[in-house]
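Each of the next two complexes has chain A plus one other chain: chain B in the first, chain C in the second.
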Partner chain A sequence: MLGVLVSVINGLLVGAIYGLAAIGLTLIFGVMNVINLAHGAMIALGMFALYFITTGIGLSPYLALPVVFAGGFIVGVVVFWVAVHRVIGRAELMSLLATFAVSMMVVGLGTAAWSTSPYNVQVHLPGLTLGRYTIPGNHIVAAVAAVAIAALLYGFLYYSRLGKAIRAVASNRQAAELMGIPSAKVLAIAFGIGIAIAAVAGALIATLFPFTILSGANYELKSFVVTVLGGLGNPAGALLGGLLLGLIEGSVTPFVSGSWTPVIEFTLFVLILIAFPRGLFRVGRGR
Partner chain B sequence: MLKRPTLWIIVAVIAAFAIAPLLGGVGLRESLFLAAVYMVLALNLNLMIGYTGYVNFGSIVFFGLGGTIGLYTITVWHWPLWAGMLAAAVVVGGLSLVLGLGILRLRGAYFALATIGVVEATKAFVSNFDPFGGSTGMYLSFTSYKPLGGPREALWVIYFLVLFMLALSLLLGLWIKRSRFGLGLFAIREDEDAAVVLGVKAPLYKAIIYSTSSLLPAMTGVLFFFKNGVIQPDQAFDLTLSIEAIVMMMLGGQGTVLGAGLGAFAYEQFRGYLLTSSTFASFHLVIAGALLLLIVLFAPGGLMGWIHERLPRTRRVLE
Partner chain C sequence: MIRKTALAILLAGTLALPGIASAKDIVIGFTTSETGRLNADATPQMHGFEMWRDHVNDNGGIKVGDTKYKVKLVHYDDQSKSNRVQQLYARLVTQDDADFLFSPYSSGLTATAAIISEQYGKVMVTTGAAEGKTYTLGNRYLFQTYTPAHLYLASALDAVKANNPDAKIALIYSNDGFSKAAAKGAADHAKELGLNVVMDEAYDPSTSDFSPVINKLVSSGANVLVGGGHFADGSTLTRQLHEQNADLKMISLLVAPDVPKFAELGDAAYGVSVPSQWEPNAAFKPDFGPTPEAFTQAYKKRFDETPGYHAAGGYAAGIILQHAIEQAGSLDTDKVAAELNKMDATTFYGHIKFASGEDNHGLQVGHDMVLAQWQKKDGKLQKQVVWPKKAQTAPLLYPIGQ
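Up next, the complex of A and B:
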């Protein structure tokens, strides 16, 4: 019984990070109606950024997070102006393909540079012991960091001037433009933030599990599941969706073989998408 | 005949595919085989994306599931190849009709996400389902090639069967495009709500075309993996190939039969060149990505769209 409880707690902790990753995806969708298929590639870049900062400079992985965030933001803004800017407002196919093209290039370059063999970041933290079981310390810290970053983003979107501008452009781009908001710049910033969050989520995942340049794809799919659980374009829903996915994974793992988890996840994903296309939770004010 | 030459172009293409390997040998046949498989995938995807305007990101599931079912009937039940192909078409077509009625209620990005979910769910299921060999997949024994006259002859038989699938894909695309049913699909693509008001039975049409676009890829999947001798879930349900099929279709021009076919052919040749050249081999993904980005940003109509724009009179001629 304790084993199940520990598994559920572990699931929730990892779920918080899934939630953070999905916030990056859902923010971009909510603001500019673009499904970012380069999301996984950006998560993978975040993982490698953390690896090179910690091994190169010897910085603690958690102090490196702001650096990863800043780097992710810059990459995001560049990607926006190169690939995304021109396809906003056109058919979905165009933005899906433009972001996928970016993903192909990043993964292609990454594979050439770092091959597809696994890397990992060493983190030594004392864990929390419950009877025979241990909850690893790095899981706890990563989950707390994920929730804190999500909270910061929420505060930024709702209380800062720039955050309000982003929400204004999301709700009606033309009206925002008429109010004097430079909408293209605001979209670039929103895209940059979305990518930066994906990169930071990747960095947090890198402190837990080994990774390759291809690992991003798996977390991208999980982000899709989470976004659909929480409702596309709804950041607060995404965090809850992440926790829910973690809860499902944690409570399923003790009973069925791990390889069945994706079957359950993706079947649930399709069914929920058909039955509740706006997500399970309509929390917050949405967008 | 000269006013609408598309049909004759198709006949000429098939004839060229049939004659070329007889003259050019086995190496050319292998290259054309892969090109024909890609063309089948792109042409059938074109029915969904080009004609109906629904972005199916997971069309590879038809190919992979068809191959899985076909190889299961051939290896476990010892059915002949044609029966395996028929079984694959029936099962995949039936499943996609039912699934289509569900997921085609979603529009735009939601539909695209759902199709990705379908691929991943199917892949995860097949990887865990022991009768289909689990994650190691299924292997054919050499005796399976005996009814076709031995392994060497089987390769030729399979090539011509894939060519037959290609011919059917081209004709199906052209026939739907010229039919009343196709007109209904175009109406859905342009404005679904208006189409419904005008009496197009949109949900039914969409489910039918989703299912129709699954039949030939499913049968081609059986042929492809039968030739391969092995089928593994990671390879059969490869989301990248699914998206590559979209690239092929975009390259030639979505919504046109000749464009989708030509795009797939050109992409296969280009990819083959990149993979074999010493300079680009490790960068083929990067170059393909850059190419895709350039098409999306600057030539969304693809090659056919470009020709149609320059020479408006070709619009009626090159369908």
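Up next, the complex of A and C:
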């Protein structure tokens, strides 16, 4: 019984990180209607950024997170102006292909530079012992950090001037322009924040598991699931969606063999979509 | 017009290029995983091939009758994907005119390559591919360097039986052909030995979060873990076992702990054992090719790391093929295959003999495995041969925490 409890806790901890990763995706979709297929690549870049900061400068992985965020933001803004800016508002396929191209470039260059052998970021933290089970300390810290970052983002979007501008552009770009908001700049910033969040989520994942430049793909898939669960374009929903996905994984795994987990997970996912086609956590005003 | 002509010449040149080989070259084709999840395992094997080629060519080449042929390796990146293997092996035979083939790394990719090599009637010496099933399909030109998968975990279980016959064993392994075959062999062997298997579970090869599996392992009350898969998953599992204080008396995993990069896991690697096709301190007296010391020294000098069995297997595939060609005195596929069928020899890599029955042709039946364990010497992690006892370089640490 304790085993099931520990498994559920583990699931929730990892779920919080799924949630954070998905926030990056859902923010970009919510604000500019772009499905960012470079999301996984950016998560992977965050992983490598953390690796090089910790091994290069010797900074603690957690102190390195702001640096990864800043780097992710800059990369995001550059990607926005180079690849995304001109296709916003055009057919959705355009932005899909543009971001997919970015993803292919990042993965290709990353493979050439770092091969695809797994990298490790060593984190030594005491775990929490429950009977014979141990919940690793790095999982706990990463989950707390993920929730804290999500809360900060929420505060930023709802209480800061810039955050309000982002929401205004998301809600109606033309009206926002008329109010004197420079919408293109605001979109660039929002895209930068979305990528920065993906990169930080990647960095947190890197403190838990070994990774390669291809590792982002797995979390990109989870992000899509989480995003749809939480309602597209809804950051708070994404966090809850992540926790829910983690909860499902954690409560299913003790009872079935590992290879069955995705089958059950995705069956539940389809059932949820049938019952709640707009996502489970569509709080507030819908699109 | 000039531009078009230049383009045409360039295009023709590009198409013709891979086919160019001087008249005195033996072309050996293969794919390797320069990218993808098998990269860490495949790289040392590739190093083994390359070092063999350079040693042969530095000595003038392979002697076929009165002529010496240089070795030319033609290889492509299969991205660890079998659909690439299928296309590329066909290309190696039809466009690159490969005389002989080596296998890609891993049982899965090799099974795909074997379909092509057999279709075109080319001898393929396989290495890094232990699953036995491929050799039961009636292939005539396939020859295996590795001890088959079902025998991999036998030595680990023998060691458990000798140290703790009441151990509770968990079999946790990757859901791929090779690992499943190894685990099936282990389950059968445990039964023969009367050992108690309390958990038997396969995980997806791309798994990165093992906490659910480890929680189940703890719930099962197991104190010995046997299983694993390849480098990416095996190293991840090892790290998380350490983070979650799984408190096991013995951990024996396939493949991963034998890759030198495994030592980067630090304390988590301590005590983990691995069934190994070959270890540098092996004491074989070769009938042909280098001695184990000579191979190890040359490899260290060139690649700045101690070779594991993947590297040795690559080099061994080379000298096995070379010996067969020299004995046959011909590049003819059937003559070389006949020599391989007859082979019963010792190399630096150990004894080599291929099964010649119709239902298991090409299966490796001469080669034996050892069990190696990561131990500490002067505070530094070092791999020692711990089983069988006659090959020991250090006694087995059992339990690990000892």
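Structure notes:
By our rule, the second predicted complex is superposed on the first by the 272 of 287 C-alpha atoms of A that agree within 3 Å, B and C clash if a C-alpha of one lies under 4 Å from a C-alpha of the other, contacts with A are read in each partner's own complex, and residues count from 1 in each chain.
In this text, a residue touches a chain if its C-beta (ideal position, glycine included) is under 8 Å from a C-beta of that chain, and two chains touch if they have at least 3 such contacts.
In this text, all values refer to a predicted model and were calculated from it rather than measured experimentally.
With chain A as the common reference, the superposed partners chain B and chain C fit together side by side. In the overlay built on the shared chain, the residue A:160 is in contact with neither chain B nor chain C. With both structures placed on the common chain, the touch criterion links A:259 to chain B and to chain C. Vertex at chain A: the C-alpha centres of chain B and chain C lie 60° apart in angle, rounded to steps of 10. Of the two partner chains placed around the shared chain by superposition, neither chain B nor chain C is touched by A:60. Residue contacts after overlaying the shared chain place A:215 against chain C, while chain B stays out of touching range. In the superposed model, A:94 makes contact with chain B only, not with chain C. With both structures placed on the common chain, the touch criterion links A:29 to chain B but leaves chain C unconnected. With both structures placed on the common chain, the touch criterion links A:111 to chain B and to chain C. Closest C-alpha contact of chain B with chain C, superposed model: 5 Å.
Touching of chain A by both chain B and chain C, each in its own complex, is seen for residues 111, 257, 259, 262. Residues of chain A that touch chain C in their complex: 3, 6-7, 10-11, 14, 111, 115-118, 120, 122, 127, 129, 132-136, 138-139, 208-212, 214-215, 218, 249-250, 253-254, 257-259, 261-262.
Only residues 49, 53, 55, 57, 102-103, 105-106, 108-110, 112-114, 116-118, 120-121, 124-125, 127-128, 135, 239, 243, 246-247, 250, 282-290, 292-293, 296-297, 300 of chain B touch chain A when the two sit together in their complex. By the touch criterion stated above, chain A contacts chain B in their complex at residues 29, 33, 35, 82-83, 86-87, 90-94, 96-98, 100-105, 107-109, 111-112, 217, 221, 224-225, 228, 232, 257, 259-260, 262-263, 265-267, 269-270, 273-274, 277. The touching residues of chain C, counted against chain A in their complex, run 34-37, 39-40, 43, 80, 175, 201-204, 206-209, 211-213, 215-216, 218-219, 231-232, 235-236, 239-240, 243-245, 247, 261, 264-266.
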